Amino acid sequence: MLHALQNLDRRWIFLSMLIAVAIPILAKTVFPEVVSKQAKMVFDSIENLPDGSNILLSYDFDPASQGELLPMAQAFTRHCSIKGHKQYYMALWPLGSPMVDLSIDTIESEYPDMVYGEDYMKFDYKAGGEAVIRMITQDLRGMFPLDSRGVPLDQIPMTKNIKNIQDMDLIINVSAGDPGTKQWVQFAATPFGLTTISGCTGVQAPQMYPYIPEQLAGMLGAIKAAAEYEAAIDAVYPSINDNPKAQEAKRRMGPQLVAHGLMIGLIVLGNVIFFVSRKRGQA
Amino acid sequence: MDKSLETPKKSNNTIWAIIFIIGAIMLIWSMTTSRTGQVWVTAESHSFSENPDGVYTPTQAGSGEIEWTTYNVVPENELTQVAINNGEATLSWSRTIGLWLAAIFTLFILSFLVGDNPAYKFAEAMVVGTSAGYVMVIGLWDVFVPNLLGKLLPGVVQGWALPGMSAEYISFWWVYFIPAILIVMLLFQLMPKGGWISRWPIAFFIGITAGYRMIGYVEADLVAQIKAGIVPLWISGEGGFEFWPSFNACLLTIATLSAMVYFFFSVEHKGLVGRIAKVGIWFLMITFGASFGYTVMGRIALLAARLEFLFGEWLHFIPSS
Amino acid sequence: MRKCASFYICILATLAFTSVSIAQAPEPPSNLVVVDTPDDAGNSVDLTWTLSPNDVFNTLLSDEQATDANLIVASYAISRITVDAIGVTISDEDSNWRVVSEPAPGEVNWTDRSLHLGCTYNYRIHAVDTAGNTSTWDVAESTVSPVMQMFNMSKAWLAIFMLLFGGFVAYFINHARSGKKLWVRKIAGLEAIDEAVGRATEMGRPVLFVAGIQDINEIQTLAGLTVLSRVAKTAAEYGAQIEVPTCRSLVMAAARETVEAAYLSAGVPEAYQPDRIHYLTDEQFAFVAGVTGYMVREEPAACIYMGGFYAESLILAETGNYIGAIQVAGTAMPSQLPFFVAACDYTLIGEEFFAASAYLSGDPLQIGSLKGQDYGKFMSVLILVFGIFLATIISMSHSEEGASVTALDYMKNNMLGDEGLGSFGGGDTDIEGDDS
Amino acid sequence: MKRTVPLIIAIIAGFVLLIANFIPFAEGWGLTAQEWFNILAVGAMILGGGNLIKLHLKKVSSQRKGWGYSAVTIVCFFGTLLIGMLKWGVHPNPLYANYSWSGYYLESGSGLWWIYQHMVVPLTAMMFAMLAFYVATAAFRAFRAKNIEATLLLITAGIVLLGRTYAGVWLFGWLDWLPEGITHFNLAGIPWLPIDFYSLQFDRLTIWIMEVPNTAGTRAITIGIALGVVATSLRILLGVDRSYLGQD
């Protein structure tokens, strides 16, 4: 038995992980969410702004991470749209631009009253990472002469009177790495005191905690926080409950629960085998 | 990774056979119950004609001077037999083939779990080529054309790709020759000889990075972090002394300081310092444990999203999002 | 304070009275004051105003006004005119009043950042209600010309810290270069490496070394190569075989040089086999597949990972564990450290890895910087301890003023904040041009 | 020429950026330098693509093992590049209908969009998602509680894993069955020391771990890294570290 477990073909483990994730997806299991402090802080920083505030949303992630980050990015878009905030989208990753398009699609299909150029707009991708952040804290036009539709910023109502991103009331950053939340904190939030919130991958989340609350007004770490944030929006705006697309992160918590359980089971089992075999080896 | 130790060769064929059979059953089941992997679209026509100002504005379909058609995807749950019958919705072959390819490529990569195989290698070669090409196209249209070419040849760029741009030269437009020359110098690195020429732009890169990183890190990660670490160890609220907040503040301080002591390299880890460093390493381990948990959580979310794609968009077992 | 309030109530009463006579329009905001923004390049000014009495956020609002839904302020509008300019021509648009901002109700300040140095501007503000009726304009008392400051005083302490921390590093680098010996503590992980190589020799199996997947210009790769030189030397002395697959061709070239030199210094140049140090591929996962393939085939007795790693850290450590090798790792990637710590026998954590490299190489640049950083850390700890001490005293004594409060405020707001040098200690630090 | 000029360029560029933070007059210089930097970053992208292709071309021309896959990479690269550069299948921008090149390069339905949607997205996303499987095998075969440090790490990880799902709440559901006098009480009548067993619920414990020990540990690491960056940057700005200039 012990020997068999020690030499277990690892494809059995692969298979168990596949099943652990697939079954809850097919069964469409959804668990209730308790809104934690962090998710509440993020919700409040958008909710408590006066309607029509300027919000910069920077999508610094790519399709590889969209499983973790797209639900929260979409939740940010929906929340900002419900509140009628002016949304300025940008991307610091070359593959972030199509992620912004997905949010724009959401606005167009779910909030048809919002007008491009008055309520939301998109800037192109620009290369340079943190240097782009530094530059637009002082001069937006130097980096973005045109918006993504090729219109000069002076002809767009939303950007006409915007000199740089110090004119923003809030910066939302959805980040999968570098450049991402750390760079926004270093080059926008700390030197200029701009209120910044972040949605980031699980890999980065623990490293952002020291910045909260002074340098980062709130943070959503990975899919769990996205689910809590969705729940927070649901609680205040129940109409969004009917939209299955707005429940994506909550749906994804089902696979998470089973897979986390599997992970703990595997670690425990692995250690039991380790200790038992070590004992026998000594005996 | 390697087959020799972990996977006896003969078992491979059995596994492949089982996988193919299960896959075929799922596919047949899906195809008998739904429109597996089909993408239906509706047409939308765009029509423009010139107004007296010389600007092209949208007009009635069919009456414009410039016309084209785009297609919008009909979501699975909105697709009705009526719409199909009256020709409103049509099957998009390019998107349907694309969806099947996307699913097949996903399975190619998944096949690596059984063992290294040509399908995986093929998919891997493709991802490297397409993503590199894609990034270069974006760099061209989003940065190179508007931010460099648009400054050096504003008239040409305005009349060609960015009609909204001003066709006039800005003052000091010629300084943009400097980054243009630096790019050319950078590309010398690809040449068999003259690689040293690329040192100029690389030095520029490194100098700028060093300059702004130094400020950014000192301001946000050093000074601001010290400030954030200054908390009173004795916290009292309305009801007087509060134990748990004070306890947390003490723990936070002890943990921060002891972990910093661990990273002192001018002192031997002996005696008191050694013991403090030991406490520091324990707190670091808890930090790493938290990081471990979060990372695992993230990795699983990625897999869940891909399976949702396979089961939803492709096989229609669950509503696609 | 109370006096002030009653004064405002008087004004309000008057205003409320007069508003009846004006047909259906909100009261204008008042007291528009425009001043130059301190510490800038002369392209912005700060505006402040007092809320309109019809603003729901106005704390002085009487119930009667609040119920008048028609008059509630929906937004404000600020407009600007350029009255004078030196050196630039004023465009037609700017020579007339034009709206430059529409603050939401409840807001009492705004910064106009799109100004030009050398121009003079005037501002006015009015309130707009939900029906679109506008109040009369409240014009700023005086025009304003933005001024450029010589030095950004709000960053004065930042500059001091930069000089201080930079000074430590520069001093110690200089010190080390002048030939003085600087002491760095022994790094425990290095003994683990020797042990691992020793065991590999006993078992007659090779030693695997991976220097991360970053390119040669990254500092972690360089540190990894320094450790490699130690590993190679030990292996050469013991007569163990060493295998170094690399992810970048340049790293391969550097690794070959390093290993050759190590074998030479161990006195066995003939045992050096360059083919054992080979480049696999640039692609992350393909590289790991290649390395793990080697691992399960050859079963090295010791696996040493030193450098910058990403997601592949997990796969490497897992395979190494499976084949029962002794594993030693070192990286400064915070997100990958947990996996190495959990799966390897010994891990050099973050800076420890750089310290190991400095310790081994004896390079004055590395040792000097390490020493400088230690002093920087020491100073950070001192500031932290002193600040916590002050904060605790204040909190225990419930005092709201006194020397400790002043000192803590100065620390947090001036030294570690953005209020500049201030006037702590009584000295006049206000320099020319700083009109804050 | 080969080493001195680059050294001067690096030092000047670095110092311009540095002083632009402190002297408002120099702000404009800093902005110009950064604008060049961002444009040059595109040059780095081209260089990256060029290096990749050079490498794979070499493999193909020498017909080394697996050269067929390199050929696939090259074909995919040039195919994507060509389709994207020619804006294949892209309609004009509706705002400027008479400019045929004015459209969005990633317009839905265009050639590049097709490649992005059906090749780039599934391939990159699945490649990354494979880590979920590796993490599972590593859990079984590699993560061992062999000493106090590793044990602490694994226990924390377990709590966080459970605490970040519904299991964190569910596992402690039995607390609701207990009378309040047991779940909440003050130790030995000391009023300032409230004990609340609900705080041990894994979801709350996770939040505590993140906010106290994790924040502290990460803060220590962050401060250390910041000082390290100061040291490396300074070595470049003072011209003592010239490793980026290479050997010759």
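Going by the order they are written in, the chains are A, B, C and D; count residues from 1 in each one.
As a convention for this text, a residue touches a chain if its C-beta (ideal position, glycine included) is under 8 Å from a C-beta of that chain, and two chains touch if they have at least 3 such contacts.
The model shown is predicted, which means the values in this text are computed figures rather than measured ones.
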Intersection of contact partners for chain C and chain D:
A, B
Need the central chain here, defined by C-alpha centroid distance to the all-chain C-alpha centroid.
D
Highest contact count belongs to chain pair B-D
Could you please state the distance in Å, as a whole number, between where the Cα atoms of chain A are centred and where those of chain B are centred?
12
Here the gap between chain A and chain C, centre to centre from mean Cα coordinates and rounded to Å, is 20
Please tell me the distance, in whole Å, between the geometric centres of chain B and chain C computed from their C-alpha atoms.
22
Multi-chain contact sites of chain B, meaning residues that touch two or more partners
6, 113, 124, 128, 131, 134-135, 138-139, 143, 147, 162-164, 208, 212, 214-215, 217-219, 221-222, 224-229, 253, 256, 260, 263, 284-285, 287-292, 294-297, 299-300, 302-303, 305-306
Hey, what residues on chain C touch two or more of the other chains?
158, 162, 165-166, 285, 315, 334-335, 338-339, 341-342, 350-351, 370, 376-377, 380
Touching two or more other chains, which residues of chain D qualify?
21, 27, 34-35, 37-39, 41-42, 44-45, 52, 93, 95-96, 102, 116, 120-121, 124-125, 127-133, 135, 137, 141-144, 146, 149-150, 153-154, 157-158, 161, 164, 210-211, 214-215, 218-219, 221-225, 227, 230, 232, 234, 244
Which category does the touching pattern between chains fall into here: line, ring, star, complete, or other?
complete
Seen from chain C, its contact residues with chain B in the complex are 157-158, 161-162, 165-166, 183-186, 283, 285-286, 288-289, 292-293, 296-297, 315, 319, 334-335, 337-339, 341-342, 349-352, 355, 370-371, 374, 376-378, 380-381, 383-385, 387-388, 391-392, 394-396, 398, 408, 411-412, 416-417
Going by the contact rule at the top, pick out the chain B residues touching chain A in the complex.
6-7, 11, 15, 113-114, 131, 134-135, 138-139, 142-143, 146-147, 150, 162-166, 208, 212, 215-217, 219-221, 224-225, 227-228, 287, 290-291, 294-308, 311, 317-319, 321
Which positions of chain C touch chain D when the two form their complex?
39-42, 148-152, 155, 158-159, 162, 165-166, 169-170, 173, 177, 217, 219, 222, 249, 282, 285, 311, 314-315, 317-318, 320-322, 332, 334, 338-339, 341-343, 345, 350-351, 354, 365, 369-370, 372-373, 376-377, 380
In their shared complex, chain C is touched by residues of chain D numbered 21-25, 27-28, 52, 55, 127-128, 130-131, 134-135, 137-138, 141-144, 146, 149-150, 153-154, 157, 218, 221, 223-225, 227-228, 230-232, 234-235, 238, 240-241, 243-244
Along chain C, where are the residues that touch chain A in the complex?
44, 75, 100-101, 104-107, 111, 113-114, 334-335, 418
